[in-house]
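Got some structures for you, see below.
One chain, chain A, appears in both complexes that follow, with chain B as partner in the first and chain C in the second.
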Partner chain A sequence: MTDRNAAAAPPLLLGLTGLGLLGMIATFFVDGGMRFAANWIMWYMAGVAVLLGALFLITIEHLVGARWSIPLRRVAERVTSLIGPLFLAGVVAAAIGMGFFYEWGTPEFMEMAATDHHLHAKYIWFHPAFFYGRLVFCFLIWGLAYRKFTKASVGQDESKDVAVSLKARRFSAPFIILFAITTSIAAFDFLMSVEPRWYSTIFGVYFFAVAVLTGLSVITLVTIRLIRMGRLPQVRDDHVYSLGGLLFAFTVFWTYISFSQFMLYWYGNLPFEIFWYIDRLEGGWKPLTYALSIARFAVPFFALLSREAKTDLGRLSWVAKWIIATTILDLYWVIFPSFGRMSGGSGLVFNWQEVSFALFFIGAAMIWLRRSQSMGADMPVGDPRLKRGLEFHL
Partner chain B sequence: MSRQSAQAVIALFDSAQALMDAIPKVRATYHGRLEAYTPYPVHGIEKALGIGKSWVGWIVLGMGLLGLCAGFGLQTWVFTTEYPLVFGGKPVFGWPAFIPVTFETTVLLSAFGAVFGMLLVANRYPHLSHPLLSTKAMKSITRDRFALVCEAEKDREIDEDACREVLSAAGGQDLEVVYESAEIGTGELLSPKGVTLGLLICVIAGFGMKEIIIRFPALPPMNNMDEVFRQDAQDPSAFFADGFGMRQPVAGTVARGFMPAVFETAEEADGVLANPMRMTMASLEHGKVLYDQHCMVCHGALGTGEKMMPAYGGVPANLHSQRLREVGDGHLYHVITHGKNTMAGYGKDIAPAERWDLVNYLRALQRSQDATDDDLRLARTVAANSHTESHHD
Partner chain C sequence: MSTTEAQLAALETPAITDGPVTIGAVDDAVLAATERKPPFIWYLSILVTASLLTFGMGCIGYSMYVGTGVWGNMDPVFWGWPIVNFVFWVGIGHAGTLISAILFLFRQKWRNAIARFAEAMTIFAVMCAAIFPVIHTGRPWLAAFWLFPYPNTRGMWVNFNSPLVWDVFAVSTYFTVSLLFWYVGLVPDFASVRDRAKGVIRRTIYGILALGWRGSARHWNHYEKAYMILAGLATPLVLSVHSIVSFDFAVSLLPGWHTTIFPPYFVAGAIFSGFAMVVTVLVFVRKIMGLEHLITLNHMETMNKVILATGCMVGFAYATEFFMAWYAGHPYEFYIFLNRATGPYAWAYWTMVLCNVISPQLFWFKTLRRSIPVMFVVSIFVNIGMWFERFVIVATSLHRDFLPSAWDYYRPTLIDVGIFAGSFGLFFTMVLLFSRGLPVIATAEVKAVLPGTQPHHGHGGDHHE
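For the complex of A and B:
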């Protein structure tokens, strides 16, 4: 039933990924650890976004008893298998981040933090042991979800055990709370701490919006690929429409969150909040900021506005790719203006180094996702609710 | 009973699926207007019935864009052109602050577009009633059954027997025929009956609302800030020890733009208060404007005060009396500020600097009626100069 050929990576993909890897190594030796770390952290967080987006979709399905997503749940479950490599990438991100990139990673900064009013409360938070502890904590929680949802669900394909579904449902309620906490921690630790003096209470929600958008886009792409390969024959327009609708909704949600934060900061104009935006509205970053708001809102919004668009596989496919690309742009916009400031430059930072990282991480993710397509059946065939999911009508 | 021509033939089905299955069978042989009535929206039914894409979506889009432009445009115009006020040190065109309102107007107009567009386009409003509402079938349609209806159109009658046959062949049950006209047009709403009914509803709703507001004060209407928590000047205050709501300025302080009144009478002020305003053309011109506005009604254009106001009773002073020509500027200033006997004070209406302009003008007025020969010569040369000047222009 499973097409093994589809899982094997074509040589071109392998080659490009390898090329990316070479470029990354070269970056480290040519430009030093700082640029390497900035890029690495950006791609690591993009991966975390995909993982969390997929976990969120699965959790919501169990929590509210959604029917439409049951036939697509295996797609999301396979995406969560990224958790293993992501943990490794996370440890590397923390180590090189503290070593080369984060301002708070230097001893001088920590000394300063002891006296600086805006920093001394964050002193404990930035302690390396606590930082690693939180990283491990997050992955423990996500790993637990991976076991309770993905592993159990794949096992259910054979066992047809109803208890698996019930347990997943019971787990989903406490997990959604832990999900919120760990998502915020991940966002605060790796993205917000790029500017240790900055305050933003909504940043966790902001990253949540990024995560769901990105996760959904990846799931949409994989689903479309499976549909085109004829592996999801029972998935109908009603299911695809729901995916498109969620993508549309979270496009608006992301806009709402990011604009709210901008507007309130702009109006309040408080020194410890506004400097973050000032950095991003100056020099080469200004057009990027405007481009981001158009690319991430206007384009997907109008592309998905009509009813037909949400079931049009061709349209959905390019919009999903577009959203993934804008996620990278979004994370770039969060990390690199600060990188530019710290490294003394002022303009955009983009060259072969960034391209190498893109090649490697996108390539690696694609190889991994292709391989994961042989995990269990294409739909959760052991789930007693699958039939209802397939019967789903809008 | 003579048989009327049928307007609609209704057939009922037990499930949405049965209805969906029947539609293609009926459409294979019957080509007139076919409508379906269901207790809840059945997806895909419009495709099965061959109904084209509704253009309500375009109405919504258009209205949404209209709301967007109107909301943003209105704020831009008000804040940059009509009433430019600086808030919180932001530029007058502070567009981020416009977005929330713009969002609201966009959503509002989109929703209007959706609801009214749907009523107009899809439901072909306005009409008061639909003939199908009075059928037996309607009861079950609003509960648990699904109807497929062959309907007559304006220029196209239906063949009752043929419809019955095709509908029951497709599995339809409880067939029912409607003989009334299926089309109830706009005229129905604008008929005297319709208009009277509409007015009646408005009146009843209006009075009903009034009664509700009175009887259930727990639901206060918008009272437009009628009640605000504030100390009125004339109200007693439980907060201050002396029980007065209105406070005196702190001893030894002077409010901005005000001079403390230190003189009780005009005589005291005379010679002590110095006129800080130089006798310039600008000062005189402004003084004349003020005099014409405030003083002329009683004192007359020349300040003689004769017969200007017989009904008033009081006799305005003649500003050319020797006493008034000899008093100092401070005296006049004090009279303008505090008034005298039946003349009210103008301290509240005319700012201190302007009062001095007025004093200057009074002085010019007095001199105009008591001019020396030199004055006359001076006046002539000034007039001649201004004459040649205006010629040069």
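For the complex of A and C:
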């Protein structure tokens, strides 16, 4: 059954998304730009995480010549179509971030940076032209990957041209380096900079872990939906197993990276490093920090530990949703304590404003992803290695 | 059409063996090496390596007799070569478990031909590594009291806050699991050697080692389960050991050491250096032992790709550190990095960059990846570069500390060099003994991936041969 009408968004989804939009506008006028910007940046970076996670999976498949993921590659490729709206969201995030939220966006900070030796690097790094330049640079690189991977692959459905696969493979090797650089830039610019005096060399890797986890979860959810709709008839447990395996592996990887960062700063206890964690280990943030480590590590770890769990569509589905939810919690935990610092409260806010942003961004992403399900065939039917991918056995 | 076919071929995973190989031929190629007299070059090599080992032991004995003052360690560089060499050897010991555990979990069948050798090298490298922190204590005969927590009447405990104690646990756990993993893999091969043995002594020794293996379906069932569990246990160890080694540096407050990227960066560097050492050794072993059809150029090329990938990761980490030293606006941190690149140890820093970041870039080209002389030279470069990386980290952060009056320039002594050379002697003596006495390739695993031994899934046999 190929239900193309599924591409059209149901009225409930549209309605909730619209409601979210109204709530967002209301947030701006009721609470001011700062809360709007903090929420917007959180959801924008969640979107970037999904995009980068999908790009990473595609790149790795080409780079190492993986077989299991070929039948699922179109799912990831369709997810990368989020790049267009994300670019717009990124420009908005940069503009409102500088205008309302980031401390480095204020003229006072920049004046201080111009004279204070310790902040001088920030004077250059956060210069608006340089900041926008990096944003455009990142999206140009990701856009190039979108063209070389997604567009070319969809075109291959008709042309069956083997050269497309070879070109994608050749592009994947240099791209993985650009991927590492741009992922770090995105993480440093939009997340680490919420505290312009704070820094951590591992932060790019941290966001990479977030991105792969989130991207994989979205791909898993779409895959499960397509399987249930009968649109991926030849995809078997053997293929799904690897999605579960990677979700498990990156759950552990995220824990490893975030623990490394925390442990080294906690142990060092240097005032200019530890303040970031003190903000997150005091008051209402303390239980949230503990909750995050349990929700993001213990729950998916034990849920996916057994072999059967990695092919159980029901369990994979809720674990993927759970991981996406914890990504939002993770980003909230990174951004909102600084919102508190800037707005003069604890920053621990959750009300109709936050719900509106969730409704709008999740709704808009779902509408977009549903629409993208008509892009090309459901599998990369022009890929000469698709047959081998379908034959894949554990 | 021929171009399309060539393109299709380029997309395919290369064959695991060169040419048709029968199951019996695998036995003959691998197991026979333990039965015949070794070639002359083997005797010559072990003469050299055993002499080096003896010399190194002599240097250690001298250091213990006179005191560790015969080393170059001085104020403010109390961590001299011993720590550099320790981290170097632990790093070398990372390829084996990565190949045997992580690549096993990733179902990379090419690993089967090289896993045994790489695992052996892991075990020997960890043995070499263990020498250095123990002798660095100055009185190694007392080391057991300091290293292991045990209840005693003096009420004294090890300092659990010290990453050096974490190292004791991390490295000894790693060694134990690697050894078990290696041994479990060896059991079926021991049985093969036993079954081929002509003499009673030989049959008895290998028979005991084989633990009564008969190759029944039940044996294999248990074996597969044990192997999978050990692979699962070994996988986090690949990450944890070098992460904890990196904590030795990173938990301190010294600029250049105290940085959060150290754990993953050290792990990448360890895999990088470990693979380089595997390539260095296998270039000779496959030639001398006549295993070129089992450890093929495809294997070597794949390892070179891993070297390129991990080399780029290491380069990326260098760049991140440099960037963050600038971005943070932390004057000491930035000074240390500037001092690395332009100070008295600039020669070591640029040697490191040339060897670790520049030289692996040759592997972007397929012809160079598949050229034995090129890969040999690059792997040596990487070994040198990774040693220098640890030297740069240790020396540059210590030799100029916060008080310029304490600044000095660290130089090793000949005794330092002698002990380090002795560790190479130990390593290569063990490698040579291993290549004589044990099957250097996991024959059972290679047989399992030979053409015709895999199920066809009813789609015809077009993806074979």
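The rule is simple: the second predicted complex is superposed on the first by the 390 of 394 C-alpha atoms of A that agree within 3 Å, B and C clash if a C-alpha of one lies under 4 Å from a C-alpha of the other, contacts with A are read in each partner's own complex, and residues count from 1 in each chain.
Everything below uses one rule, namely that a residue touches a chain if its C-beta (ideal position, glycine included) is under 8 Å from a C-beta of that chain, and two chains touch if they have at least 3 such contacts.
All values derive from a computational prediction rather than experimental measurement.
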Side-by-side fit of chain B and chain C on chain A, or clash: clash
Greater chain A contact set [chain C / chain B]: C
Partner chain in contact with A:Asp238 - chain B first, chain C second, else both or neither: first
Touched partner set for A:Thr255, first chain B, second chain C, both or neither: neither
Contacts of A:Tyr199 with chain B and chain C, given as first, second, both or neither: second
Touched partner set for A:His393, first chain B, second chain C, both or neither: both
Partner chain in contact with A:Tyr267 - chain B first, chain C second, else both or neither: both
First, second, both or neither for A:Trp125, with chain B first and chain C second: second
Chain B versus chain C as contact partner of A:Ser343, first or second or both or neither: neither
Touching partner for A:Pro384 - first (chain B), second (chain C), both, neither: second
Footprint overlap on chain A, comparing chain B with chain C: 263, 267, 393-394
Residues on chain C engaged by chain A in the complex (per definition of touch): 4, 7-8, 10-13, 107, 236, 239, 243, 247, 250-251, 253, 258-264, 312-313, 316-317, 320-321, 324, 326-331, 364, 455, 457, 459, 463
Residue numbers on chain A that touch chain C, as the complex places them: 65, 117-122, 125, 162-163, 165-166, 169, 173, 177, 180-181, 184, 188, 199-205, 252, 256-257, 260-261, 263-265, 267-268, 270, 272, 384-385, 387-388, 391, 393-394
Chain B-facing residues of chain A, complex: 238, 259, 262-263, 266-267, 269, 305-307, 393-394
Residues on chain B engaged by chain A in the complex (per definition of touch): 43, 57, 61, 88-90, 96-97, 99-100
